[in-house]
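Shown below is the structure under consideration.
Chain naming follows the written order as A, B and C, and within any one chain the residues start at number 1.
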Amino acid sequence: MTMSRRRAGRYWLAFVAAGALALTACSGGSSNDPTSDQAATSSAAAGAGSQSSAATGSASGSAAAPAADVDTSAVLKFTSAGPTRNLDPAKQTSYGGWGYLVLVYDRLTMLDDKDQVVPGLATEWAFAKDGSSLELTLRKDVKFHDGTPFNAAAVKANIERGQTLEDSSLKASLQSIAKVEVVDDYTVKLDLAKGSGVSLPSVFATDAGMMVSPKAIESGAKLEDGKVDAGSGPYVVSEYVANEKVTLKRADSYWDPNVGTLAGMELTRVPDASTRLKGVQTGETDLSLVSSANEVAQAKQLADAGQIKQNLVTFRNVLGIYLRTNQGDLAKPEIRQAIAYAVDPKAVNALFSGTCAPTRQLVPANDWSAIPDYTYPYEFDEAKAKELVQKAGGGKVTVTFAAGTNAEQPANVVQAALTKVGIQATLNPVPNSENEPRFIAGDFELMVATSWSPKIDPAQTVDTYLLDTYKLASDPSLIKADAAKAADPTLSQEQRAPLYQNIWKTALEQNWYIPLCNQTSATIYNDKVLNAEAIPWANIGIWDLRNIAVKKG
Amino acid sequence: MLRYAGRRLLAAIPLLFVVPLLVFILIDRAPGDQAVVLAGENPTPERIASIREQLGLDDPLIVRYFDWVVHAIRGDLGTSLLSDQRVIDLLLRRMATTMSLVLVAMVMAVLVGAVLAILSAMRPGGFFDRFINWAASVAIAIPAFWFGLVLASLFAVTYQIFPPFGYQPMSEGFGTWLSYLVLPGIALGLLPAAEVALQLRSALGQVLKTDYVLNAEAKGLSRPTIVMKHGLKNAAIPVITVLGFRVAEVLAGSVTIEIVYNMPGLGQLAVDSVQNRDIPVLLGFVLFSTIVVVLVNLLVDISYGYFNPKVRS
Amino acid sequence: MTEQEVDPRFPDPGDTPVGEVPGPDAEPELPTRPGILRSILRRRSTVVAAVFILLLIVVALAAPLLAPYDPTEQDLLIRLQGPSGAHWLGTDDYGRDALSRLIYGSRVSLWAGLQATGVALILGLPLGVLAGFYGRWLNVLLTRIMDAMMSTPSLVLAITIVAVLGGGITNAMLAIGLVMTPRFFRVARAGTMDVRHETYIEASIALGCSTWRTAVRHILPNVLPPIVLVISVSLGTAVSAEASLSFLGLGVVEPTPSWGSMLKTASSNMSLAPYLVWPPGIMIFLTVLAFTYLGDGVRRALTRSRSGRQD
C-alpha cells in the first residue's frame, strides 16, 4: 500500500507542475474562456472517484478563474452564521471558526470541494513502510506575512505549540505524533505513536495544520484578537470583532496567483438565515450560506426567478439521534430499537420541505468505508416499535436538543414519534453552546443533533464519536479490535474498508446512533461571484473561500 | 433640592450591587458546568480544570462576587465567555441600536399621542374625543411584540414597503437608519403613544377648565389657539412625568421587539447571553439595565420633588 | 369625564411587567362589601369582560371536548396549510391543528396567570400586612426590599431566573410572580396601616386576642377589596408576560401549546403562513383587555362605594 501512497505522491508533483503551467497560461491572458468554470466543475466531478485523480480536478479547479476577468479591486461581502470566538488556530473550540482562519493561516494540506486531500504547504506526504512515521515535503517559496520563511523548523514549532500550549484545542488531533524531526529545511518527519496517525494527512487540512509564524510563537504573541499578523495565507486581518466581523485585505504576495485575487473581504456573522438571504437578495451581501429548510426553499424560488444564484450542497453532516445506551431506559435494547423503528426519516424530510435526504449510514454513501447495499435493520415501522415498547413494559426518555438551531424541529418530530409508540418522551431544550459539551460529559441520555460530521478519514470518525470524545460505544469491546487494526497506516484502503464496515454495522445495530438524513446547504450569491459552486467545506456548513473571486464589470 | 436628589441616589446605590448578587446566587445553582461548556469538543479533565482555575470557578461564591464588584467599580465588567470581547465594549456597541429604537419609539409616541390628544381636546365629548379615549385604552392591552409581528407581516412581507428585519447604523445614512426603525418603532411606541394621548388629553381637559383659559375664551380667542397656546404649555409637565415612568417599560419591551425584528441590540444580547449562559455578559446587562432604571426613576422622583415640594420633606 | 379616570401611577397590563409600576396604593379605602358586586355589575363593559373570562375558563376546562384534534399530534404532510374545513385556523409547521392549540393554549395562559398572581399574592399580602401591622424596623426593611425589587428591570429578572432554573411555565411564572409581589405588598401594607390604629383593632389587641387572630379577623377584610383590583390587573400582566417569555422561547416547553409559543411559530413562518399570527395575538389581546376592564370595573365600584360611604 505504501506503493499507492507513493504513487499518489507523484501525482501531487504532477499537480504542482500542471498548476504552474496553468498559471503561465493564465498570466498570458489567453484563457478568457467563459466556459472554463463549468469545465472545472465537470472535470472535478469526473475525478471524484479516486484520491489521485481528484488532484487533477482540483488543479483545474484552482486554475479556473481566468485572471483577466477577475476584478482585483473588489471587496467581497460574505455573511454566515459561523461563530468566531478568536483567531488563534490552536484555540478553536468548535470547527465553526475555521472558515475565518483559513484565509489567513495556510494549512499543510487542504481539502477540495470533493473532500479529497490536496497539497497545501506540504506538497507531498508518505508514511514509512512500517507505519512508524510520516514524512512531509514542504513548499520552498513561502514566507509568513511577517517575513519569516516557512520551513521544516516552522512545522515543528507549530506542531509542538499545538501539543503543548496550555489551553490548546489541538491536543487530541495531534496526539498520534510522538516526535517531530527536521530532516532538512523542507522535509519534516513525524514519528507516530504505534498504530496511529493514519488520519494525519486529512487532519492537516483542519485547524491542526494551520501554520503560524515561528517568530510569533517564540514571542508568545497573543493571536486571539487578530492584531498580530502571523499567517502565510492569501489574506491578512485588517479588523476583527469577535463573533461579529472579520475584515481581510489581500496579502502582499501569495504563491498561488489564482488565489487571493480580491482586494479584501468582509466576513460578517449574521446568525439569522432569513437576514442572510435578504442580504444577498438586496445586493448588500455578495455571498452567503443558508441551511434551514425555509430559507433553502425561498432561495430556490429566488434563484428560479433569476434574482440570485444558488448552489445546493448535500451536507456531509448527518442529522440524527445520539443515544447513551447504558443510561436509563435506553439500556433496554427493546426501547432503543423501538426508538429507531419509531422515527421516520421521510417525515423529517417532509418537515424540511424535502431538503433533508434520508440516510441510514454513518458516512456518506460515496465514502470508501461506506457499507455497500446497506439495509438498515430498523427501517421505520410503527407497529413493531409499539410492540417492542409493550414488551419492555413502557419506557421514559428525555429528548435533548440545542434551542433555536436546526435540531429544534426534528427534536419535536422525534418527541411526537416516540410518544406515538408509547414511550414517555419529554423535550429538553438547552443552550446552543451547551448541548454538545454536556452530552459529551454524559449529562444527557438522548440528543437530537445535526453535529454528526463524518471525518475525511474513518479512523478519526471512530475516535471522535464512538470510542473517545463522544464515547457512544457503550460496549467498546464490540469494535475496539477492528478499530485498532484499521488504524494501521500501512494498510491499504481496500484492507481497511471491511473493518470499518463492521464497525458501522455494529454501531447501527446497537443503536449507538440513529442516522436520519443529510440536510441541504444552499450557497447563495450574486452573478459576479466566481467559483461559488465549488467551495470546499460547504458540505459541513463552513467554507474555504480561497478560490472565490469577483468578475469585472 | 440637591440634598433630596443626593439622598435618593444614595438609597439607590445598594440596589446596583444587590441585584447582581441575586444573579450570582441564582447562577451558582444552575445545572451544567460552565467549564465543561467552554471546553467545547475537547473536554479533557485537565482542560476543564485549567478553565475552572482561569475563571476562578473553584473560589467560593462570595469571593467571586466581590471580585466582580471590585472590577465593576473600576469599569471592568470582564470578557464574554462566548466571544472573548470586553463586556463593556459589547454593551456600549449594542446600546446604540437599542437607544435608536427607544428614541424612535418615544418620538413617535409623543408626536402621535400629542396630535391625537390635541385633536380630542378641540371638541371635548365629541365623537373623536370619545373614540380616541376608547381606542387608546384598548391599545394599551395590545402586546407590543405581537403588534410588531403583525406590522412586519403586513408592511414588510406582504407589501414590501419597509425592510423586514435587521438594523443599519446611522453611518449608513439617515434614511436607511430610519427605514429599519419605522416598524419596530411603531410597535414599541404604541403603548406610550396611547398613554401620552390619554394623559395629555386629561391634562388638557383640566387646564382648559381653569379660570384664565375660560377668560381667554370669553375674550373671543379661538379654540385651537387656546389649546395650543395655553393648554399645551401647562399640560406638558404631567405628561413628561408619565413618559419618564414609561422609559423603563419601553426598554423592557425593546427586548421582544429586537427579537421580532432581529435587531442587534441589548435585548438580543441579553437573550443570547441567557441562551448561551454567558454569565459576564448577563451580569453586565443586569447591572447596566439596573443603572438605567434607577437613573430614570431618580429623574422622575426628582421632577416630582421639583413640581411638588411636599414630597421633599 | 375622562380626566379622573386616568391615573399615571396606575399599573397597566402592558407588554411586559416593568420595575417601576407603582401600586395602586392611592386608594386603600374600605368599601362596604355587599354594594360592590352590584356596582361592578352595573357597567356593561365590566359584565362583558367578566363573561369573556368565564367563557375562557370554560374553554380551558373543556378543552379536550372542544378541540377537534390532539394539539400535539403532528401530520408533517399537511404542514403550514391555510384555514380549511378540516382545520379552521390552518396548521402549523408540524402540521398540528392551530385551533386545537389555541383552545389548549387558554389553559396555559390562565394557569400561568393564576400561578404568577398566586405567588405574588402569597408573598405580598402577608408581608404587607406584617409590615403595616408591626411597623418600625420591619416595615422599613421590607419596604426597602420591595422598593429594590420594583427597581429591578423585571423582564431581566425573569429572564435570569428562567435561564438559571431552566424553561418551563412554572419557573417563568415564579419569576413573574416575584416581580409582581411589591404591588401586593404595597396595597396590603397601606390597607393595614390605615386601620392599624383604629379603636376596634387596638381593642382587639387589648382584649388579649392573638395578633394573628386580629390580623385575620379584622385587618384582612379591610385589605382584601383593593387586593381584588390588583389581582385582576396582575392576571392580565401575567398572561401577557407568559406570552412574551414563551415567545422568547423561555416559557412553555414544546410541544405544550401556549399563545406565546404559537406566536413564536408564526414569527418564524411569517412569509409562508401569515395566517398563524392572528388568532393567538387576538386571544392574548382580548384576555388582557378583559382583565383590564374587569379591574377597571372593580376600581370604579370601589371608588363609588367609598364615596357613597362618605356622602
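Operating definition for what follows: a residue touches a chain if its C-beta (ideal position, glycine included) is under 8 Å from a C-beta of that chain, and two chains touch if they have at least 3 such contacts.
Computed from a predicted model, the values in this text were never measured in an experiment.
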Selected interface, B-C versus A-B, where C-beta contact pairs are more numerous: B-C
By CA centroids, point me to the most central chain in this structure. B
Just give me the whole-number Å value for how far the CA centre of chain A lies from that of chain C. 51
Centroid of chain A to centroid of chain B, CA atoms only: how many Å? 43
Per the centroid of Cα atoms for each chain, what is the distance between chain B and chain C, given in Å? 22
Multi-chain touching residues of chain C, meaning two or more other chains, are 249, 271
Spell out, as numbers or ranges, the residues of chain A touching 2 or more other chains. 403-404
Multi-chain contact residues (two or more partners), chain B: 274-275, 277
Touching residues of chain A toward chain B in the complex: what are they? 83, 85-86, 93-94, 166-167, 169, 171-172, 224-225, 241-244, 272, 274-275, 278, 403-404, 430-434, 436-438, 440-441, 443, 469
What residues of chain C sit close enough to touch chain B in their complex? 1-3, 6, 8-9, 12-22, 148, 151-157, 159-166, 236, 240, 243-244, 247-250, 263, 266-267, 270-271, 274, 277-278, 280-281, 284-285, 288-289, 292
Parts of chain B lying in touch with chain C, wherever the complex brings them together: 12, 14-15, 18-19, 22-23, 26-27, 29-31, 124-125, 133, 137-138, 140-147, 149-150, 152-153, 157-158, 191, 195, 198-199, 201-202, 205-206, 238, 241-242, 245, 248-249, 251-253, 255-256, 259-260, 270-271, 274-275, 277, 282, 285-286, 289-290, 292-294, 296-297, 300
Complex contacts: residues of chain A adjacent to chain C: 294, 298, 347, 350-351, 353, 403-404, 409, 412-413, 415-416, 419, 426-429
What part of chain B is in contact with chain A in the complex they form? 32-33, 36-44, 47, 50-51, 54, 80, 82-85, 163-166, 262, 274-277
